Every structure is written in C-alpha cells, then in structure tokens.
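Scrolling down, you'll hit the structures one after another.
Heads up, the next two complexes both have chain A, just with different partners, chain B and then chain C.
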Partner chain A sequence: MINVVLLGVVYILMGVGFAFILNLLGIFNLAHGAIFVSAAYGCYLMVVKLGLPGFVAFPLTVLAAAAFGVLVERFLFRPMKADFNRTIMVCIALSTILVTTFNRFMGTRALSIPPFIAGTTGIGPYKVETDRILAFCIGIVILVAIILFVDRSRWGARMQAVTQNREGAALQGIRFGQIAAIAVAVGFGLAAIGGVFMGTLYNLTPFVGDVTLIKVLMLVILAGLGSFNGIFYVGALLGVLYGALPVVLNGAVVDALASIMVLALLIIRPRGFFGHE
Partner chain B sequence: MNEVMNISPAVEESTATGETSRTKARRWPGMSVVGALFIVLALLPLGISGSYYMHVLILTFVYVAIASSWRVVSISGQFNIAIGAFMGIGAYAAAIPSVWLHWPPWVTIPLGAVAATILGAALAFPFARLRTIYYAMGTLFLGYVVINLITAGGKTTGMSTGLGGVQPLFGDRRYYYYLTLGLMIVSMFSMYRFEFSRIGVRMKAVSQSHQVAASVGIGERRNRILAVAFGSFFAGLMGAVYCHYQGVASPSSYGLGATLWIIMYVLVGGINSFWGPAVGVGILMVIPEFFFRDLKGDLPYVTAAILLIIAFTMPEGIVGLLKLARDRVFARLRRKEVDLDASGG
Partner chain C sequence: MRKTKWGLCLILLVLVLGLVTVLAACGDNKDTTTTTAQAPTETTAQAPTETTAPVSSEPTTPVPTETLRIGAILSLSDWYSVVDAADKVDLEYVAQMINDDGGIQVQGKNYKIELVIEDGKSSLDGNTAAATKLVLDEKLSFVVGPGAFFNLATTPIFEQNKVLHVANYNGLNPAEMNKDTTYAFLGLDPITQANAELKSLMLYYPDVKTVCLATEDATYPAFEPHFNALVERLGLTLSGPPVLFATNAEDYNPVASKIKAQNPDAVWMPVAIDPSYFGITKGLRTLGYEGPLSFPIDAPSVTGALGDVATGIVGVLSKQIIDPNISAPMKRLLEMGDPDRHVFGLGPNALYILAHAIQAADSLDPTEVRDHWETMTSIPTLYGEGFPSGSQLFGLASHAWAHPIPVALVDNGQVEYKPWIIPDVTP
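Right, the complex of A and B next:
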C-alpha cells in the first residue's frame, strides 16, 4: 500500500518538475531522466563513499541539482533562445554525458542507496520499512510546499504570469531570465528528490532514467499539457496503476494497458484529462 | 500550384516549378559531386577488402537512408521521436515470417516496408492532432509503446533478447554492400523528388502555418499522415534489409537510443538541407568508426562535444554552414563582376 502511494508521489514530483520547465521555458527536457539518475548516483556516492548520513546527503544532493539547474539554464538553455532543434541537441548532449559517465565509472550493475533509517514499524502483522514512511512524509511536505509556492508566493504569481503571456509579463517588469533560472532549478531539484527516493526504494542502474522519462511523459500527456493540478490527480492514478496492478497482472500487461489508455485519450480528447487549450 | 507559391513565399528557393534555369545551373556542380561520390562508392569494394570497413559502409548506407527518411517527415513540421520504432516494425515484419514461416527474403523485405508504411500511417493518425513540442513528446511515448509491444510478444518476437536466425540474403558481404548502396541511392532519389514536388511544397506550407495552409485548401492532417507514411516506408525497408543482414532483430536496436542517434545525425548535418542527414551520418558514424576506434567507451563524449559545438555555433547544421559560405562566396564574386563591368564600361 505504502509502495503505491510512494510511487505516485515520485511520479508527481518528476512530472511537476518536467512541467515547470516545459510550461515556462517551452523546452522539452530530454535530460530530465538523466538528472534523476545523476541525483540518485550522487546521493549513493555521498552515502557509501563519503560516509555521510542520509539526512545530510539528501538535501545536499537536491541543492546541488538545483544549482546545476541554474548553471544549465544560464549556459545551455538561454543561449539557444528556445529554438527547438538546438535545445533538443543540448539536452541529448547533456543526457549522453551524464549517462555515459555513470556507465563508465559506476558500471551497469544495479545499486541501491542504503536506507536512511533501518528497521520497520507497523501495527500487528502489517510491517513497513520506516524509511518509506519518512520518504512519503517528505514527499507530501514538498508537494504541499510547491503548491503553496506556485499559488501564494510572489514568485509563483510571476511564474504564472510568464506561463500565460511572456511578453505581457516582461512589460510588467518580470525578468524572464530570473524566472527561467528558478523554474529549471526547481525542476531539477524535484527530479533529484524523485531520484533519491527511487534510489533508496528500488534498484539503480544508469538506464532507469529513460524509463522514468517515459513515465513522466505519460503523466504529462494524460494530465493535459499546461495543467499543474492534473499532474497531481493523474500521478496518483499512475502510482496506483504501477504500484498495485503488477500484484494481480503481469508487468508487461500493465505497461500495455497504460499505453493503450494514452493512445485512446489522444484520439478522444487530445487535451488530456485536465488540459485546456 | 500557384496558390501554394503565393501563400508560402518563404519556402526554399528551389521548389519544383519555381525553379529558374539559373538556379538549376548553379545546382549542377553540386549534383556532379554527388554523382562522382556514388561512382567512387560503387568502385570502392574493388579497393578495400577488409570486411570491417565494408561493414561500416553498409551501416552508413542504411543510416543515411533512415536519417533522410526522418528528415522527410520533419519537413511537414513533425519532430517524430519514433523513427526507431518504425524501423523496428519493418524489421520484425520481415523477421517473423522469415524465421517462423521460412518465407524468402525477397518477399519479407518488401513486406517489412509495406507493414511499416501502413502501421506508420495508422499510428500517425491520433498524433496528427498534436503539434510541435507536444508532438515530439507524444511520439517519444509512441516509440516506447511499440518497443514494449514487440518485447511482450512472447516466443514469436523472441522477447527482449531478440529474434535470431533470420535468413541471410547472400553469403558474401560485397553483395550486401551493393544492395544497400543501390537502395540508398534509390531512396535518396525518391525522397529528393518527393521533397521538391508539389506535395513537398504543401508539406512545407503546413509546417510554416497550418492555418494559412488550410485556408487555401491544404489539409493539415492529410499531409502530415502522408509524410509519416512516406518516411516510414524507407525506415521500414532499411530496417528489414539490415535485420536480414545482421540475422537478428532485437528490440534494443529500435528503442529511444537508436531514435536519438538518427535525430542527432540529422541535426548535426542540418535539418533544413536535403544532404544534411548524409553529412551528419558521415560525421558522427564514419569518422569515429575509422579514426577513433580505440576510444570505445568514451566515444559518447566525442559525440556530445560535437553536438554542443553544432548547437552553439551552427544552428543550421554543417550543411547550413556550407550553404552560408557558398552564398557569401557567390555574392562576393557577383560583386566583383559588377565592379569590373562598371570600371570597364
């Protein structure tokens, strides 16, 4: 049960991060999966090689990812001036460099970040690993924080303004560069959180990034392009789909089911469940 | 035809009917270079006997055709991240009858191409509603779905290890060389005719503004599906040939990684030029294979560096840069002629 919910939380985190970059910068971030994997490996290295406790390594990873996001925005995305072909090239190059690095130096065998807290808790026969509960709580807190940030804060309002009309926002004195940097930093940071969660709970190889990227795309398409709320509902739905159904059905069948759902949705309602034009 | 020309003045200078004798004359040296290259390639097997280099060249021919077919789809404004899947459909449509029904390769290869065309058109249908970045996202997902279905096919498709034992066409690699070279030339020729025909102009019109195109009777959806069908024919054909050459069809060679390589070839060569994909394959495939073979695992770094250099310095790719250089030289020559005329007169 907790697995289902947790998987949902990870997908939502990834999806929101991806949507931030997509909506604000108009960039199809093919490197999102690579960032996710890099964060997981970074956290693994800090915990296993440097011997840092998980509570230090986790925020450090996220901050590093956010800082990396600011650098990427400044030196890779901004010079491309949102030209689709060029941003795709940059994203592929970034993703290639990261994945190859981990492939070369960490090998392709599956790794796992050691749990932050050992042991299990629970009532009676229903035992759950404590770190899963912790991860779930952290995930929920972060999601609430993101909602509040977008809805209530000054920066959130600016972001919404840029999403709605970039020129209009610029006329009101909103600097696009700043907003873009924050969006990419938040996007990469969220991807890093998702990556660390996945790294602690599941196995880690350099290639999980691609699969995760595809799940995120599925989520964003289903939710409706340009909708934030949709991502929360559909992320929860996908969490149930991928967490609960494999118990009853074969994994490949679940994948096929989800794929058919997306294709059908594209034919019937291309806007997605919660999208608007 | 006239109305097409009117609504899209920015369509490239060399469209089928708008072509003057002058532009034709200027393209002649280019065409003769290409012809000479083909002749050299045709004579090459007499010179090199090393089977590794021959293998690299066969691979090159296959990928030049596939990358060009991706570019043909892209002229209608569709950034299709599922080309690997169409290649895979062609390969499996050829491999399955070949392995299980023992059909001869001369039947299965056309079958692969036709299957890729039909499925390509059918799959393009739901995606014809999505545009630009959303189309790219949707097709990336589509590629994943197709590979997943192939992998889930059980014993018929050989699951994730792939389907081995596909009948070879010839015993000698040299025949494969000529077959792939011939198919590449034929494919490139048909794609050239396609792009610079009326249909190609319509597609460019759709890509530039689907609303204006629709207002003069150029249906967006029809043209976009046609582009995907036409492109996936060549992707399926080459996928089928290559699978017969290798003797195995495995899902990993048609996944996202393979697709991104094809897109990289096109983007490096230049997405807006017909010869872009060929140049891109030359730069990203032939040069590393012949000159950087000892690097092996570090090779992706070289590729990434090339991509970054192209993205930062030449947004139109290498052919775009060459075109720019050629135009500058021509402009300078013409200015000199004018100067001479003025001083002489």
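Right, the complex of A and C next:
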C-alpha cells in the first residue's frame, strides 16, 4: 500500500512541476526527466562525496534546481518566445547535455542516495522502510504547500491569472517574466524533490529520468492539458497502476496497459479526464 | 539594482553548487565501496592464474609494421550506453595490450589493431546502420559486437557479406546465431553464465533445493527452455512459475512480494540490469526474506548501492583487482586504467579471442579464420582458458565460447572473493 501511495506522490510532484511550466509558459518541458536525474545525482554527490547529512543536502538540491530553473527561463526559454519548435529543441538539448554529463562523469554504476533514516518500521511481519514513510510525509506536506501557494497566495493568484488570460493579466500590471521565472523554478524544484525521493528509495542511473518523463507525459495527457487538479487524481491512478499491478501482472504488461489507457482516452476523450476545450 | 543583486546571487549559488558537484565527481570513489578481499578457503575450482601468452609469441616484442582494422559496434548513446560506454574503454585497452605485445602475427608479419568503432545507438536500426557502415563503407572483414539482442539487426548484414563477427553476448534468439550463420561467433555462451550462478549457489548454500527464477521478461521466451533444462540438470526445483519483470520499472517491491510468496530456498536472477537486481534485493530484505540470492554482480556497485542490505548474495562475474583469483590478462586489463572502474568485459573479451583466432589461423581471410576456428578446442580469453559450448543450442560447433567465471560472496556489505567456477559445457 505504501508503495502505491509513494509512487503516486512522486508522479504527482513530477506532474505538477511539469504542468506549472506547460500551463504558464506553454512549454512542453522534455528536460523534466533530466532535471529529475540531475537533482538526484547532485544530492548523491553532496551526501556521499561531501559528507553532508541528507537533511541538509535535500533542501540544498531543491534550491539549486530552482535557481537553475530561473536561469534556464531567463536565458533559454524567454528568448524562444514560447515558440513550440524552438522550445522543444532547447529542452531536448538541455536534457542531452545534462544526461551525457552525468553519464560521462558518474560512470555506469547504478547508485543509491544513502537513506536519510536507515531501517524499517512496521507492525509484525508488515514492514516498510522508514525512508518511504518519511518521503511520503514530506511529499504530502509539499503538495499541500503547493496547493496553498496556488490557491491562497498573491503569487498563486497572479499565476492563475496568467494561465487564464496572459494579455488580461498584463493589463492588470502582472509582469509575465516574473511569473514565468517562478513557474520554472517551482517546476524544477518539484522535479528535484521527485528525483531525490527516487534516488533514495530506488536506484539512480543517468537514464532513469527518461522512464519517469514518459510517465509524467502520460499523467499530464491523461489528466488533460491545462488541468491542475486532474494531476492529483491521475497521479494516484498511475501510482496504483505501477505500484500494485506488477504484483499480479508482469512488468511490461503494466506498461502496455497504461499505454492502451492513454490511447483509448485520446480517442474517446481527446482533452483527457479533466481537460477543458 | 536590487534585481541585479538577486540575479547575481542566484547565478553565484548555481555556479558554486555546480563547481562543487563537478569537483566531487572528479574525485575517486574509493569511499563508496566497502570490499574485503579474503583468501579463498575452498579449492573446488582451479583459478586461471597462469600468464596467458601474448598474441604475438616472439621472444622479444616486435614492433607491428602493418595495420589490421577491426570494427566494433557499441551503443555509445542512449540506454545501453550504460554497458557499452564502459566496454569501449576496455576494448581500447585490450587493443593496446595486444599491440604492446607485438600485435597479431600473421604470415610472419605483425599487425597492429586499429579499432573502427561505430555507435549502435541502443536501437535495432542504429545497429543496422552501424553494421552497414562497417561493412560497405569501411570494408572491414572482422567485427566485434554488438551485445545483447542487437545481433538480430547485425547478423544478416555480416553473414551476407561474409564478415566474421564475434558477438559480446546474445539473447539466444535463433536469428542472432544459428546453424546457417557460419560467420557468427560468440564471446560468452549466456547459458554457461547462468550455470555458474546456480553452481556457485549450490556450492556455498548446499541446503538449497528450490529456487525462484526471477528474470526480465523481454528475453525470457528465448531463455525459458534452457533455464528449465539447466535447473533440471543441476537437480534443483523451481519454487513456482517464473517471476518476470520489466527492467525499466522504478519500484521493485511488488516483484519482491511475488518472489517471497513462493517461499523459495533461494532466488536466482539470471538476466536483468543492476537497478533491477538492487531493487529486488532491497525489497526482499525489507520484507524479511533471508534466503540467498544469486545474480551477476559488480561487487563495488552492489555494496555501494545496497550497503548492509547487500547480504546473502552469491555474485558472479565481478572483476576486481583485489580478487586473489583474478586471471592474468584481466588483472593486466584492470591495471591499465582506474582499477576501481566497472569492467563489463564483454566486448573486450570478444576482441581478445578474435585476435587469438586470427593468429591461430595465420590468415586475414575471414573464411579461413572461421574454418580454422571451428577446429579449435580451446582459446585464451581474458578470464583464462576458454572452451567451446552450446554446439546443439546454436547448431554450430566451436562458435560459442565459455570461460571460467569469477565468484564473490557478499554478506553485510562485505565482499569475499572465491575461487572461480568452471561452468558446465552447454549441450
């Protein structure tokens, strides 16, 4: 059960981060998986090579990813003026550079970030790694914080205004550049959180982000482009699919099943479960 | 002004963190591995420690005057580069090793190996393009690689053009190698590796009677009858249906749950990749499963990724310089670069045996080399003396080769190197 909900939380974190950038900037951030994996490697290096405690390395990694997001928005995304073709190429280039760098410098070994809290917790024979429970709790807190940020904060209101009508928002004095920078920073930060969770609980290779990116794309398409709430429901659904179904089905069958779902939904309801026309 | 200040601070933060990260990445990784080499206590398998003669057997090392261009297909980009990017380094070291020893001697001349490496791009069409380029553009007669199931794409091209090709490893698909692919050779019969895994498991855990077969699902259909026959030959019983999984899964706990439900004496994972092995091991130990696990390992990777959870593991194929049983050529290869690097040793071994086969045939004609190679009953490999295997399986005699397999036991994050296992010949 904890596997299902934890996977769901990681997918939702990644999906929300991706949706932030897509909804506000109209950019299909294909570098999201590379940011995810870069953050995981960054945290690994801070913990293993520099000896920082996980609790210090984790926020530092997220901050660095968010800062990197601000730079990427300013120097790579903004000059492309949301042109679909150009931004796609920028994302692919960014992804290739990051993944190749880690592949080259970190070698081919599968790595794992040491657990923040070692050991297991449970009742009787039912045991779960303590780190999983911790990651789940942190994930939930961050998701609640994101919801509050979007729904209750002044910046959240401005972001919603930009999503709904960019020109109208501009007329109200909302500066798009600032909002875009925050959106990319939050998006990259959330990808970093997902990456650190995955790197701690599972394993880390330079290409692990590709697999996760495909799931994020599935999540965003199934939820419906432009839908924020839909990501929570569909993220939970994917968590069940990938966390529980492998118990009764073989792994590749689960992948195929998820792909069939996406195809069927695109045919029956092209705008996704919660998308708008 | 304030905005500029913030911008500068952000850039500085990223630069500092980036610099620290790169500096840390450039350092050695000795602190991430905890290995303990102990003297072997068993003498069940003879360690191949004799020094293998250099390819050129002149008393004084001659300087090669000619050049022999040998092709190599490695996936240097995308997902399989995790294996092949490392193999490329060692492939070049092996070529250097042979050249340093005087190269390949044919008809009284010494040939220096010049590698022509093409990227298979981790895809079938990428491998097809690479093979086409090596054959038609480069006009090469000898090629090593590719590995895994990519031979499906390259074998027809090589066979049609009578190019002698030595696969690093294959997925047992008949299209990769069969009685009609007479120019196809194989550096390691994969069934002998599986055999070594089970033999060493039975050797160090003699009470094991039932094993759970957990393996990746894509290659299983081709391996199924051979795995079943192998288990039967060794007198073991499968604890239930095979537990199949995809190697691109993130969470292996559901797989671990399925394995534990069979309550086997041991778990055998013949084909997968490190993240799968590590995820399943971690999941099983968390669930409280205490039986031994057998799978191919790179000892520092296992201990680095799993820490103390790495326990009860019978690992094969770990090539470490601190292994007292290490073969002489493998030791020399490890000494040529960072001795702690991850050596897969598949493509490099294919090149090593190809060089010996060419020299033994005393010819640069691929058909003559093939004909002579088919008469050979042993060949030097990086792992010691190799022997032919799988003549029924592949429908070709002396085309698939096997060699001694390194064995290591891992308990509580500590590695103990054991005498290498000589696997049984696959029928």
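Everything that follows uses one rule, which is that the second predicted complex is superposed on the first by the 277 of 277 C-alpha atoms of A that agree within 3 Å, B and C clash if a C-alpha of one lies under 4 Å from a C-alpha of the other, contacts with A are read in each partner's own complex, and residues count from 1 in each chain.
Basically, contacts are C-beta pairs under 8 Å (C-beta built on N, C-alpha and C of every residue); 3 or more make two chains touch, one makes a residue touch a chain.
Remember, predicted model here, so these are calculated numbers, not experimental data.
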### Query
Here chain A is shared; do chain B and chain C fit on it together or clash?
clash
### Partner chain in contact with A:106 - chain B first, chain C second, else both or neither
second
### Query
Looking at the overlay, does A:242 come into contact with chain B only (first), chain C only (second), both, or neither?
second
### Task
Mind working out whether A:198 is in touch with chain B, chain C, both or neither, as first, second, both or neither?
second
#### Entry: Greater chain A contact set [chain C / chain B]
C
### Query
After lining up the shared chain so the two structures overlap, which partner does A:164 touch, if you call chain B first and chain C second: first, second, both or neither?
neither
### Task
Report for A:255: first if it touches chain B alone, second if chain C alone, otherwise both or neither.
both
### Query
For A:210, is the partner it touches chain B (first), chain C (second), both, or none of the two (neither)?
both
### Task
Determine, under the contact definition given at the top, whether A:229 touches first (chain B), second (chain C), both, or neither.
neither
### Query
In the superposed arrangement, does A:83 touch chain B (first), chain C (second), both or neither?
first
### Summary
Clashing segment of chain C (vs chain B; choices 20-28, 38-46, 146-154 or 272-280) is 146-154
### Query
Which parts of chain A are touched by chain B and by chain C alike?
103, 210, 252, 255
### Contact footprint of chain C on chain A as seen in their complex
3, 6-7, 41-42, 45-46, 48-50, 60, 63-64, 67-68, 70-71, 74, 103, 105-112, 114, 120, 125, 127-129, 198, 201-203, 205-208, 210-212, 242-247, 250-252, 254-255
### Query
Can you name the residues of chain A that touch chain B in the complex?
22, 26, 28, 30, 79-80, 83-86, 88-90, 92-94, 96-97, 99-100, 103-104, 210, 214, 217-218, 220-221, 225, 252-253, 255-256, 259, 262-263, 266-267, 270
### Residues of chain C touching chain A in the complex
7, 10-11, 13-14, 17-18, 20-22, 24-27, 31-32, 78-79, 81-83, 85-86, 217-218, 244-255, 257-258, 273-275, 278-279, 286-288, 298, 300-301, 304-307, 341-342, 344
### Interface residues, chain B side, partner chain A - complex
79, 125-127, 129-130, 132-134, 136-138, 140-142, 144-145, 148-149, 151-152, 255-257, 260, 263-264, 267-268, 271, 297-298, 300-301, 303-305, 307-308, 310-312, 315
